[in-house]
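Note that the chains are named A, B, C and D in the order they appear, and that numbering of residues resets to 1 at the start of each chain.
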Amino acid sequence: MPASIRVCLVGAGRVAKVHANSLVRHVPLAKLTSLVDTDPEVLNETADQFGIEQRFESLEDALSGAAFEAVVITTPTFVHKTMAVSAAKAGKHIFLEKPMALDLEECDEIIDAVNANGVFIQMGFMRRFDPEFEAAGERIEAGEIGRPMMIKSLTHGPGLPPPWARDLKTSNGNLAEVNSHDWDTTRWLMNSDPERVYVEVANFKGEARGVKTENFYDNSLVNIRFESGGLGSISGICPCDYGYDARVEIVGEKGIMQIGQMQGQAITLGVNRKEGLVTPIFRTWPERFAWAYIREMEHFVESVLTQTPPKVGADEGRWAVAGVLAGTRSFLEERPVYLSEVLGES
Amino acid sequence: MPASIRVCLVGAGRVAKVHANSLVRHVPLAKLTSLVDTDPEVLNETADQFGIEQRFESLEDALSGAAFEAVVITTPTFVHKTMAVSAAKAGKHIFLEKPMALDLEECDEIIDAVNANGVFIQMGFMRRFDPEFEAAGERIEAGEIGRPMMIKSLTHGPGLPPPWARDLKTSNGNLAEVNSHDWDTTRWLMNSDPERVYVEVANFKGEARGVKTENFYDNSLVNIRFESGGLGSISGICPCDYGYDARVEIVGEKGIMQIGQMQGQAITLGVNRKEGLVTPIFRTWPERFAWAYIREMEHFVESVLTQTPPKVGADEGRWAVAGVLAGTRSFLEERPVYLSEVLGES
Amino acid sequence: MPASIRVCLVGAGRVAKVHANSLVRHVPLAKLTSLVDTDPEVLNETADQFGIEQRFESLEDALSGAAFEAVVITTPTFVHKTMAVSAAKAGKHIFLEKPMALDLEECDEIIDAVNANGVFIQMGFMRRFDPEFEAAGERIEAGEIGRPMMIKSLTHGPGLPPPWARDLKTSNGNLAEVNSHDWDTTRWLMNSDPERVYVEVANFKGEARGVKTENFYDNSLVNIRFESGGLGSISGICPCDYGYDARVEIVGEKGIMQIGQMQGQAITLGVNRKEGLVTPIFRTWPERFAWAYIREMEHFVESVLTQTPPKVGADEGRWAVAGVLAGTRSFLEERPVYLSEVLGES
Amino acid sequence: MPASIRVCLVGAGRVAKVHANSLVRHVPLAKLTSLVDTDPEVLNETADQFGIEQRFESLEDALSGAAFEAVVITTPTFVHKTMAVSAAKAGKHIFLEKPMALDLEECDEIIDAVNANGVFIQMGFMRRFDPEFEAAGERIEAGEIGRPMMIKSLTHGPGLPPPWARDLKTSNGNLAEVNSHDWDTTRWLMNSDPERVYVEVANFKGEARGVKTENFYDNSLVNIRFESGGLGSISGICPCDYGYDARVEIVGEKGIMQIGQMQGQAITLGVNRKEGLVTPIFRTWPERFAWAYIREMEHFVESVLTQTPPKVGADEGRWAVAGVLAGTRSFLEERPVYLSEVLGES
């Protein structure tokens, strides 16, 4: 196997910096050699911060102007398909941030391009690489809680998403941008595909923050029936303001398992008898999932180096998109929607 | 005000013993003087255990054969209406276990009888008297979490309910028998009435335990939209086997509050390095809500003695029944059901 | 056995109110008929609050002027001996608040009077009746952690003790007033008598609060070697300001057990992302040990009614006093002190 | 500044592997080029595992046969002085595992060699680099708990130490091998030097495990009085079997702070109603202090590259040794020992 791979990072924003940090500081088998961003200022700031020399304003320029084996795509969702297909056609292995794409047609275009060009694709479902989620998944699979009956997964994020990420047209809104991980986690841990979903949404904070996007919602509550007969709930709140919160509770025939907690650092302070005890909360997703981000990138690099398919790929990405589409239709049409209604269209 | 009141306990089963214990040991202003049960064996066992002298096999016998000011009704749901109306007509104040009745017509008959006879009725929503729920309710009302956006309330009970309590015809099933408290709690803490509900149910353990009741379910997941625009979830699992579990999580515009926990006694044991740390779980509802049961009975007795209406009465009971009816229709008809559909019938 | 016993409460201050509350509201087999306090104002306020009719300014007056079977003594330590001996000589059963007395001579006078008059004495070591401490004790005795090797017990109290309780001459200071429970708990759970002790003390807050008492200390740290070879630590801080804190950690050959926690109500609030999560702390000892206070009084009343010796009596009280005396000598003489040095004098 | 530094790792055992992992995978500015161990088998196994090419059976061979800027010394304590002095004389910067040395004379020899040769020395007190301990230290320094009054620090390790590490002659026993971190942590967080110490020890498990070393102890309890007047406790248990346990509790004039917890992964399992809830415990020190080991090595490498003295050096190492020596004398002579007695000798 080669000693290392060269990576081109596509998109230079917030999550790109998280991946750059992993690649530069914690994954010695990868060399982060190229960076792409359409905004020269963002491009140079991130490239300077991580010492990346080759800088491009488009993926096309990078593909023609630099040599690398893999891309890490962190652009907004609405260009995921274009980026991924271009990279696949150029023979590059692909790490693709969630959500996979805007709809199932786009997912299928990506899948076709990946298959046609013999490259790997790993979806950025980092929770699968979080030591706690991973251990929990293994323990559930080993039967510790028995056959899963009911799962609840939540993601509450602190800040208002950017405009493109709260518009159904460019992102599918919070069900996709905030809760993609939950769609994947619930299907993974229940070991069953969703059969139908029902969704309620609410908009509490939009007006006060000047959000005028049509159909904007900041609260969503998903009810899932799985093929197995099991039940599921996904809760999304963004902006929640109080911290970054990602937890799962799953009940099987034998018992219950809780994964994750709100408490961040194990420091407890008691200085106000009336108020009580204070512990830190996780403030951001990079803090909560520090090891998950490192470990998913290690996995991707090792997959490429050893020519082994990554353990979370296009199929997982496509199912999460299908859930989002069914869920969106549910709250728009105010009725339960079967996944088959959505999957049948593609 | 009189020095104390005499109480007749109607029904001598499990929850009756909990109330008898409260009355005899912890509410000195009450005298538990009479006990009613149709089963002479159960009647005598409970009466002996708590030293109750006057024993009757029907409420009618008790009403004619003994003197008391109040009844505590703990019979199965399907006779709640008959018992409560009889007691009201006899001028007795009423403490009525949840759920209030089988349908809204029964609720209204009780309400009419109570109003016509000038007696008080308190519903057995003991969570309102739990020190933690009560303090949380006051803090939410004081604005600590801001305007409530989303609530999740769960009740998971350890053992299989008795046959009458799992048959929709005699009890409305787990949505009523297990989750009546959650219907009340969510409405109370959200400070808003439910507008529509959607429910998924599942039956995982019935077959293995020989349950053949039509429409039996042991898992249920309720999705609520409140008049305020807020969202809610109620989860019910019974039998869950792992313990007795009753918790609430509520998010407002300012932040999150969690009420209750699974951990019972604050004893942590670490003797198995591979397994980890072990703490007790609440095993039963009398253990989890020990003070709530005492305090709700204190409140009832004080209400009667001071001639002040109890703070949780027929209106709260009726709303919980309405939620159950809408929820049951939802899973039977596989669609969201508006509360107005149910309330309009009564 | 008689239907109930009559109780005379001696001392009408803070802990007296806790016991009065237990007797009046939660121990129906006791009748709190008499109250004694030298201060008429305190006497009447407490008697009014709990509806006690017979009121006396001295125990002598009560003994001659009222009929009762038992006394509950809650006076300052320096009159414990006088009160207990008088009560014993009058044939009254005795519940005696900790610490038992100022020195071992006084303990022995009490023991002689109790034995000579055939009455029972129960020491107010309520932690033995706390459901968590009691369950932990049973589990340790059952071998769950193996042979005990090391115990740490702490009591940190919120407020400045009254003058008599911080003066070595009238109370033996915090080692007695705050930590008597820890002396008893460590001996009980280690199942071994202390062999020698070493104590360091500190005075951090006295000056700022105007305390000029000689040898005053507000922090103490006790190191114990038990006869079994096991080790122990007792920590006392009073005033600690941040809450009421009483916890034990014990390690045996098999593992560790923690008893108690700082968290009070199970309510978690997250509204400040920077600060984190907030839970209530126990604010006072009556809140932390609510059931312990009720259950120790139940035990005392049942012991008298059934003529069974209470399970925590003069021997436990005397050992705690011995520990306090050895500990005090240790920090005054700046050396480890053997219990035999103290016990040999008596 | 140079692009990176070359490091020679001296000693190839358990903690060496932890540092090798940090250097190879997480500190890209370091190149781990050489490894030294007297045991060829251990040498080659560790070198193979981490891809280290230059291998030597003595530091002298490495110094003459390879080029590097820094050493990381992980040998047994009794050769620390020899290794550190040799490295210093050769102009190498030094990362030295705790404890610094066997006695203060050895410490001073190291300090003299370091000073004479203008190299840096960083002590392996990784807790200072643990994100939780570090944040807590900053918060205490910022005054969150007020002036520190009392600290308790514990280290309980799971397994029996190797023979040299339990013999006072070659290691000073558990007070040094297990509790060196606690000596440093208590002095750091109390912001004061220890003035006198008193120590009790016990030997519970030695016999059953065939340990015949003179003066062997597996339990120790240290009582400290600091120059500030504050008090401290250090507890050491090894082997404790139940997990790896390192926690601090510190009380200041304003309140209490707890640092660290026993719980490892945030996974809670409830499948046994009788037993309760189970969460993982930290099993090993590399698991508990994963980030601390990475961050201390980052700090060392950055210190060398930027020519800035490390923030934890010889002075901290020497104070910890002084505490160990005073503590050992205390339990041997069964009396409190002033640090001045030990420091005056050097």
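The rule is simple: a residue touches a chain if its C-beta (ideal position, glycine included) is under 8 Å from a C-beta of that chain, and two chains touch if they have at least 3 such contacts.
These figures come from a predicted structure and were not determined experimentally.
Of all residue numbers that take part in the contact between subunit B and subunit C, over half occur on both sides, making this a same-residue interface. Separating the centre of subunit C from that of subunit D, both taken as means of CA atoms, is a distance of 41 Å.
The mean-CA centres of subunit B and subunit D are about 56 angstrom from one another, to the nearest whole unit.
Counting partner chains per residue, subunit D shows two or more touched chains at residues 241-242, 254-256, 262-263, 268, 270-272, 280. Contact topology of the protein chains: fully connected, every pair of chains touching. Looking at the complex, you find that subunit B touches subunit A at residues 147, 149-150, 152, 156, 198, 200-205, 219-221, 223-225, 229-233, 235, 237, 240-242, 245, 251, 253-256, 262, 334-336. Subunit C meets subunit B in the complex at residues 24-26, 28, 131-132, 135-136, 139, 144-146, 254-261, 263, 265-272, 280. Residues 158, 241-243, 262-264, 268, 270-281, 283 of subunit A are the ones that touch subunit C when the two sit in their complex.
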